[in-house]
Every structure is written in C-alpha cells, then in structure tokens.
Amino acid sequence: MAFRYSRRVQFADTDLVGIVHFSMFFRYMEEAEHALWRAAGLSIVEGADEAGWPRVSATFEYKSPLHFEDEFVVGVELTAATRRTIQYTFTLTREGTLIGTGTLTAVCARRRDGTLESIAVPDEIVARLRAAIESQGG
Amino acid sequence: MAFRYSRRVQFADTDLVGIVHFSMFFRYMEEAEHALWRAAGLSIVEGADEAGWPRVSATFEYKSPLHFEDEFVVGVELTAATRRTIQYTFTLTREGTLIGTGTLTAVCARRRDGTLESIAVPDEIVARLRAAIESQGG
Amino acid sequence: MAFRYSRRVQFADTDLVGIVHFSMFFRYMEEAEHALWRAAGLSIVEGADEAGWPRVSATFEYKSPLHFEDEFVVGVELTAATRRTIQYTFTLTREGTLIGTGTLTAVCARRRDGTLESIAVPDEIVARLRAAIESQGG
Amino acid sequence: MAFRYSRRVQFADTDLVGIVHFSMFFRYMEEAEHALWRAAGLSIVEGADEAGWPRVSATFEYKSPLHFEDEFVVGVELTAATRRTIQYTFTLTREGTLIGTGTLTAVCARRRDGTLESIAVPDEIVARLRAAIESQGG
C-alpha cells in the first residue's frame, strides 16, 4: 500500500543524453514526500523553532530512463520509523514500467540555541502519515 | 572595464538539445555577482536583520550556445546605481566568442518587523564593488 | 486572454532567503510554454532534424516573492510573432497577487548539416497556439 | 588515495533551511567524477555512438551541512569495477570536517539501433582513471 504522487517530466529536468538527469530523482522523491505530508494535513516546514527533518541518507536504483513530457507516478511508503528517524521507500513507474526505487531517511530535529539536536519523532506525525497512505489506498 | 569570473559548464547544466539550458545563464550571472562581492571583501549574505538584495528584474540575450565542459568567462560591470538599486551588466564569452549579455537589477532592502523595506544603497558598498572591478583591470 | 498553467512551489525551488530563487521563474515560464504547446496538440520537441526553438531573449520583472508550497498560476499570451520568432508574455499570480511578469522570445530553427539555421515560423503552429489560448478562455 | 575536486557552494545550491539542498550532493559527486575523467585525458561524453555511462545506483550519507560560500573538497576513489560497471566512492570534507560520503555506480553502455546495451568496461579507461588518481596523490 502506497501514497501516489503524479508528475510530468519538464524540459529542464533533462540532460544532454536526452533523459532525466539522475539527480532529479532525488527531487521527485522529495516532492512526493511533501505531497504525502500535505495529504496528512501537515507541512514539512513549520515555525523556525519547530521540528525539522535533516536527511541522514538518500539512495536510488535506476532501472529505466524517463524522457521529456513522460508522466510518471511516485509511490511512497513508510518503511521504517526508529525513535528519532523516519525512512520512506519510493517506487517510480510509468505506465507499468518500473523506472526505479529509492529511499530517504530523515532525522527529527529541533533547533535549540542555534544548533539542531535530534529528538524523538512525535507519534502523531507517524500516525497521520500512515493514515494518509491508507486512506489513499493503492 | 569589468570583473571577470571563470566557469566550466557542468553536465547537469545541459538539456536534451545538448546545450546549456537557458535558465542556467541567470545562475551564471549570479555566481559572477557573488564572486565580485567576495573580491570586494563583502558577502551578499549578512546577518538576518542586515540588508538583502531582492531582484527587481533580470534579462538575458542569447547569442551563441554553450556545451558540456566549455570554459567561459563572465564579465561583470556596475552599470547603474540609483538611490535604492544596483544594476549589473554581464557579458559571457568563450575564447572570444560572444555567448550572450544580461542584466540583474537588485534593490537594497532591510528586514523590519518581518517584512522587507527598501533602503538607500550604502555608499561604501558601491565604492568597494567599483574598486574590486578596477583593481582586477580587464 | 491567456492560457493558464497551475503550479505549486517545491522545496528545492527555494533558496536560503526562504523564497523561490529568481532563476526558477524562467523554468516556470518554460513549463507554461510547454503546457500551452501540449494543449495545442504540439510538442516543442520533435524529431532530431525538425524545427527547434532556441531562445533569443528572456526577461522577468519581480513584484512579489513566492514561498514554499504556494500555489500560483502562470498566464501565457502570444504577444509577437515575426517571420522567424515567437514572443510569449507571462503573468504570474497567486490568489490575485501579482508575482511578476516576463517574456521569452524564441527563433524557429532547423538543424541542417549539424548547425542550426533560422527558418520561417510555420503558420499552422501560430494558429494552433492561438486557438489553444482562445479555447481555454480566461 | 583519492582524486580531489574543489568547489564552492553557490547561492542557488541552498534551500529555505539555509543549507545546501540534499539533491545537490549528487551533482557535486558527478562534477568530481567528470573532473577525474578530464584529469585522465578522457571525456565522459564521446561521439553519439560511443560508450555512455548510465547510472545504476547513487547513494549519499549526510554527516554535516554545507552553507553558502563554503569551500569544500570532493575526494574520488574507484572502489569497484566489475566487467560492465564502475563504482566510485566520494568523500566530502570542509576544512577537515566530514560533510558526507556517497557512491555512484555506472554501467558501460553502447548505443546500437537506437537502444543502449551494456558492454565490457574498456581496460584502458580503468587504467587511465587509476593513473589519474595516483598521479594526483593525496
């Protein structure tokens, strides 16, 4: 079961090989993550002293290229949640063709005295993200 | 007489036509602007309550394309300074070939009570930028 | 009367000032241009030996900033068409607030023996773009 | 022993949190990879029917953020070379502080009849990349 975010490849996403540049897939994953947060009634950007979500790691496995004007879907799952981190797994497809899969892991952090310190992930956030994924079905 | 900033075209700067994407030239101009500020002993980014420089307008005229790994030079001149704005004019060349010319106009602003208000451009900033341009010759 | 393209600001569109980076507006204009072409039943990218549309000039006037997750509309008009060029004018708004206006001018070109040469803009392309603008109303 | 590529953070690399956007590190790795190829007397982009290097996977582990105008170094090592793939490992540092580490894995491919097919990595390419890493020392 996954949350689904739809996107079209834009001209500036491509490179001289004629396909989407490999770094763009990390932006596509982030766009889908933020769409999930909005569907959950949340925003990843709260007040300046609120929790933030610095990246711990990012990975992508490339299976098939995307081209200009391709429409594709990014599926988002919550695959791990430790006390202080959340991990998403993403599956990109275009009309049934697997484009690739990736992960983003983020730590829950709070700004205190100018520096970021990691804190426990609020239970409510995980609950609302899971509910948004389930309500969209898929 | 102009300040000169050298740059090489990176792979991600290109698009499917095989040339640098037209939006990248605005980033090249900004990189040259900030290199000029550094040469003047300044940084465009000061403390949060300091003067900022929101863009008022940006233009570029395209004459010849740039390709992957091309080395080019961005010449920067200070072509206008009103009480509250600075205008730069940029000339991009690659081994004597004119790539294009552009302008950036920015207003001097200060953050007060959460909003930006335009203020007079500090004389010292203009003087130091002009000195940096002159000392580099060209 | 203008064609309308809707977009949401993504996280990676922003810069350290907390607003959309000024170079992004050139990508927003291009996205709207290509959406207009699709609405006209055309694609800006045809076969390798077909007509292409290198940029001649690009301009933008900034009136009000955009922030993360803002939804905005790009209005597109065809404001000039010489024998060999097309000029679009764009108006960006967010809930009635003017964000800025810009222009893109492109020359119609054909690849011949490895180089691009400018050709007359096909009448049918202009006719179909105008029809797409009119049919969408606004 | 690693090849070293130096870079400065540009304004457009940052996001609203005030640090370099996490997707930029994939571009920094690629820039360092291409600098290594140039140092080896090679270019990653050859004729249209030559070998290309589509990405198989990309990873990055984030340790410490980068800010506007920071100067940093990307160290590049060749950590694996199978018959058809090359893997690079990258280490980013800023004045001794570890910013993060990452990997890129690319498959050697040749365009035949419009599609890409994987081929054996030419021995000479690996030899020249290794020589470029060793000659730079460090």
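Lettered A, B, C and D in written order, each chain numbered from 1.
In the analysis below, contacts are C-beta pairs under 8 Å (C-beta built on N, C-alpha and C of every residue); 3 or more make two chains touch, one makes a residue touch a chain.
These numbers come from a predicted model, not from an experiment.
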item	value
Partner chains that subunit C and subunit D have in common	A, B
Chain separated most widely from subunit B, comparing mean CA positions	A
Pair joined by the larger number of C-beta contacts - A-B, B-C	B-C
Distance from the mean Cα position of subunit C to that of subunit A, given in whole angstrom	28
Subunit A and subunit B: spacing of chain centres that average the CA atoms, whole Å	33
Centre distance in Å when subunit B and subunit C are each reduced to the mean of their C-alpha atoms	24
Junction residues of subunit B, two or more chains touched	11-12, 16-17, 23, 27, 30, 45, 68
In the complex with subunit D, residue positions of subunit C that touch it	11-12, 14-19, 21, 23, 68
Subunit D-touching residues of subunit A, taken from the complex the two chains share	16-17, 22-24, 26-27, 30, 45, 52, 54-62, 65
Residues of subunit C touching subunit A in the complex	10-12, 27, 30-31, 34, 38, 43-45, 68-69
